[in-house]
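Below: one structure, written as structure tokens.
Each chain gets a letter, A, B, C, D, E and F, in the order it is written, and its residues are counted from 1.
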């Protein structure tokens, strides 16, 4: 099992999520994060003084899936969240030792 | 003879003083009414901010802070003299009595008007003027370019509103025809509504509002702000309608306040029943709009109605406003705060209602009311459409898609309304 | 003879005009007072919303928007005529003079009342009426079923409040006994408080408030809203107490405003000192409640006190309110906004204080005051308990546990008060 | 003879009644003006809370709730009698007529003053008094120790303000010299500003505001709150300036309201143009400050100006306020809400402007104005500096770095203003 | 060392946290997240139009512990956060290479 | 590749971030979290009753980097976020299988 952590642009969530859902990925978890990278933040001005908001709002999608489905999930995320502009974000793949569904205590692939 | 002349002197002093007392009371009420109408601007600011997204809040507040300011200043420069050009222009369609404000002693006594001084007159009317432009601001919110909006508002409040106002309140032709609009269901609210309609048509809907033929609601970011706004508007209406009596006449003002408050109440119930019954949930934004609908509805005839008629007018306005909101969404005219439904539609309803309820009811009056509605509507819509179109062709009236997505606060103002709070990305 | 008759004519005109002037001023003040009492509803809405959780905000705002509306409408239909049934019912315990509002010319002059027209009378009293129901709304917040609450409020404001009000202000038996309650410490505030108490007892505490015998505070979600609410209430009290003079009499009204403001101030200090000293921290919610405590406390005797007495009454009210909040928590009566402490307890205190401070002080008066408190308390509590119980047995008065957890905004209204903001899950 | 004596009786009754009518109106307006000035305290509370961080909101609200309360109480105990010690002290620099409030019948009629009763007088002046202390509260926000601030405010409002006020309004030496300050550009606003300046100097800047010679803005947490505050302040100014006429005189009051509103409007435009042009973005906090700048600027001469002069004074104030904010930041005097720029600088500007615009303009007047500004400034600054310094040396005036970082809400009050919302850590 | 990432219902945090604490787990980190899974979100209505809030508020608990204590932690989380209804959430176990306590620069088990 | 997850005090972010940036770490992701550990929360009081806010606001920094740069990143984070007081936080190192840049679909070290 693998865990996909994808940092994407917030407004892309809907597309990514819909496509994942249609392709049978039944669950995911989303977190509001702030990112720093090549995409620069913006300037704000307050009472005559400028300052930088260096961090850009992003969403982190966490999706645990079986090794077989990994490629497909990655492909969907890339296709649906790419704009081609700096700041599209990253996908990180992490190994997962185990997954458990709290409700049923099932574990492994059955849990996700 | 000596006693006689003394007593004549005494008596004339007394008459003078008594007259002054009455004049002072009237003027006091009109100044307070001006303050109450002023508070409506805070009401609009709060309501419109509350019913839009938090990424556009600075922008809404900015517009609503600057509009009354522009309204007052332009009214001082040209508006007042366009709207009340004097008797020379009675029955006419346009008049102007020169730039700026000026009066000598005659403007300061009951010789000018038994209800108020020249200064009070200006202040009360000036506070009114800006409300028409404020109505527009809500309907075009979340996508209109700030600079273009300010140009539109300036022209609208400096020229559009006073010209129309003159037709009725300035003694123009509609007044001679017998058109009745007590405090401005048409002259203020519908006028604002037509200006908004022109803007909404030319601007188009906010991105994401209508997707694949479906309405995708964009909820307002703060119901407390919206509620504060509506209560302040109701309070302000005490001055808006109550002040339109133009004196503190106890019978007339107190009746007007009662009809106003009952219509507002009935409007709330109308909207509550409709939204709960038809839409299955008691929607607070609809109840708030219902209150305003009742207020706008009664405005044209607030002094001509008995309590029961006021309740009926308000109740119907409350029902209308809910269906109107749904209808505008159906025809994809995107109005974030419901200004078209509240001010345009219920303004028309209220003006029309003067023909069917109350002291003036009758076929003849109804026809005159409809003519007034039509004439003012055509002029204002055309006037506003012209300005918006001119701006669209030149400076543009809509912010970039990028800016709309990120919010006008950052885009237009480079600042955020709530920098301390974590906001939810739109998903 | 000719001069004489002329001068008689002139003089009677003058007397007429002068009388009109005074009447116009009085009426003007009473209309403004009505507007100020109206603003109290926004005050209550803000305060109650601020002192409860953000997941129940739409619900609170909805109730507080609809209550004044129901209050005004039912008062127009039955309440006004129940509360002021006329001289036929003087000294009685129940009277009714028919449905609806109606007056001819006699209601519009000083013949009706030297202080106001019939319409003004209705408006001022109608605005008062709804406050009693609004007091209940805060105490039962965050768990009461919306529809049942609306039924309760309608009955309470349409029947309960006017019947009690008639006993004193409508010329009923308590008035004949000499019971004194200037602007309603008992008749408005305690009445609301008793209605609230009945509701709180029958509803039970919010889930999670009292766990294992320990109080687990559920903090209000917005101190700015709460503060705005209290300031608006104080402002509104200028009309609530000041208007209860029933004319613009300079000496009486200005004294009342001074005693009112000083009591509010002393209440704040009382609560500040108590919470800082006894609870170790200066708690803003307590100071805000202290202001209200002072206001409620002075209400019964605002026109009978000198500044010093007003300060003492207010200061004691401010101390009482803090301990009362602690006490209600100890006996597990869960009142999210402190309405029981502010309105019920300090309402009783204020009514009682008329017997020990000020012009009316004396054993006899104290006894009458206590009788009035007891009689009104028993009736109102029983009346309210009856309605709440009836509702509990039929439609139910409490939302499901599920809904309470998720919040009434989603449960009852299907919407959220702050959709743009990330909220902290309760942990 | 019989008719004559009758008619004399009748006439004197009439004169009496008429006089009473006028007195009643005047007094009514003054009571309303007191209510409007009261509402300014809510305006200050909202504005100051909106322009500071959400971690200090309870603290700001607490201070702004307690200050008017302390102001009223101390004014009742000593302030009123220090400021208006009576004719014995005419032309003097200090007077006192004893502790507490008291009057007999003479204080309740037009014999006391044609414009108001003794009680109204106290209430109006008392509401004024507290504003000076409120001005300080914004400037020292986010770092001042609560208890020390309360001590400072109490002394400042109980002694500092009334002593200065006596010099002019209490009939003291500045009044004899011909110093003109209609409603308090200097006596209220600059006095508050000087008190603030002393505090700001002794406190030092908030941590993180000036780093490595660069200004690091600390944005206010809620623009809606700030906007609500400014609108309420503008409304309140109707009473602040309008009430300073000390009667309801139609000509004078209505002129004052017009000059006040136009100056506010022009101030907004001045600040908008400056911030948009010079700082490249239309900054709402600057526009809001511009409105206040215009209001403070016109306050000294509101009754002496024609509309055009009012606009010029306001417009210049709007420009001044923007540059003044930048300047104070340059010299590292950290004023979170811009109180120094609005109240101190524009208060001086407005007082000075009386010498160059309007009815009183002239060299002689200008010199007197400057003297007044200088004398009051020196005294107030010294007085305030002394208190702040004394407190600094004893109890301390600044919270710990730890507490400043975490916020004064937790540190001083042990509670949070917005417990339900996820806040962004400062980065 | 392992990292437990548990997605749970917000109101269960208190129970889970108390039990963990009593059983000697001295630290954890909590994040507000939004989840999508079998548990459906709710409908909201605004101005006459309905829309779905598809994501459900959840909390993510992150807990790093030694391999030995893993079972115990999992058991506690399951026991204390289970309701048996759909939406109880998941537990994911991820390998951890190293842990460091910033204050002391200790690493390994000593750091947690 | 490794993923660093560091829980730090919020006000230390600026320092950590600046230093990382200067040392050539071009991206990172930040999340608002609440932590429980030895550092105790604070007491609040509301209407006369005290209660504990047990969780302390913290920030989580996520940084994916190559194995070679790991040491350096850790060192920077420790240096810049240490105060020596309880509550400085932890650093956890997790293995990463893969990283992808959405915009370019590059993967591996090139993606970060």
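Definition applied: a residue touches a chain if its C-beta (ideal position, glycine included) is under 8 Å from a C-beta of that chain, and two chains touch if they have at least 3 such contacts.
Just so it is clear, the model here is predicted, and its values are computed rather than measured.
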| item | value |
| --- | --- |
| Contacts common to chain B and chain C (chain labels) | D, E |
| Fewest hops from chain A to chain C - one hop per pair of touching chains | 2 |
| Separation of chain F from chain D in steps, with touching chains one step apart | 1 |
| Centre distance in Å when chain A and chain B are each reduced to the mean of their C-alpha atoms | 47 |
| Length of the line joining the C-alpha centres of chain A and chain F, rounded to whole Å | 18 |
| Gap in Å, rounded to a whole number, between the CA centres of chain D and chain C | 32 |
| Centroid spacing, where centroids are CA-atom means, of chain B and chain F in whole angstrom | 53 |
| Residues of chain B engaged with two or more neighbouring chains | 7, 11, 14, 18, 21, 25, 28, 32, 219-220, 222, 228, 281, 283, 285, 413-416, 418, 421-422, 424, 427 |
| Two or more partner chains touched - positions in chain A | 17, 30-32, 44-46, 55, 94-95 |
| Touching pairs among all chains present in the structure | A-B, A-D, A-E, A-F, B-C, B-D, B-E, C-D, C-E, C-F, D-F, E-F |
| Residues on chain C engaged by chain D in the complex (per definition of touch) | 4, 7, 11, 14-15, 18-19, 21-22, 25-26, 28-29, 32, 36, 53-55, 219-224, 227-228, 230-232, 234-235, 238, 242, 248-251, 253-255, 257-258, 261-262, 264-266, 268-269, 272, 281-285, 287-288, 291, 307-308, 311, 418, 421-424 |
| Complex contact set, residues of chain C against chain B | 3, 7, 10-11, 14, 17-18, 20-21, 23-25, 27-28, 31-32, 34-35, 38-39, 41-42, 45-46, 49, 57-58, 61-62, 64-66, 68-70, 72-73, 76, 100-101, 108-109, 116-120, 122-123, 126, 146, 222, 225, 228, 412-422 |
| Chain B-facing residues of chain A, complex | 10-11, 13-14, 17, 30, 32, 42-46, 50, 57, 59 |
| Chain E-facing residues of chain A, complex | 3, 17, 21, 26-32, 62, 64, 94-103, 105, 111-112 |
| Chain E residues within the chain B interface of the complex | 44-51, 55 |
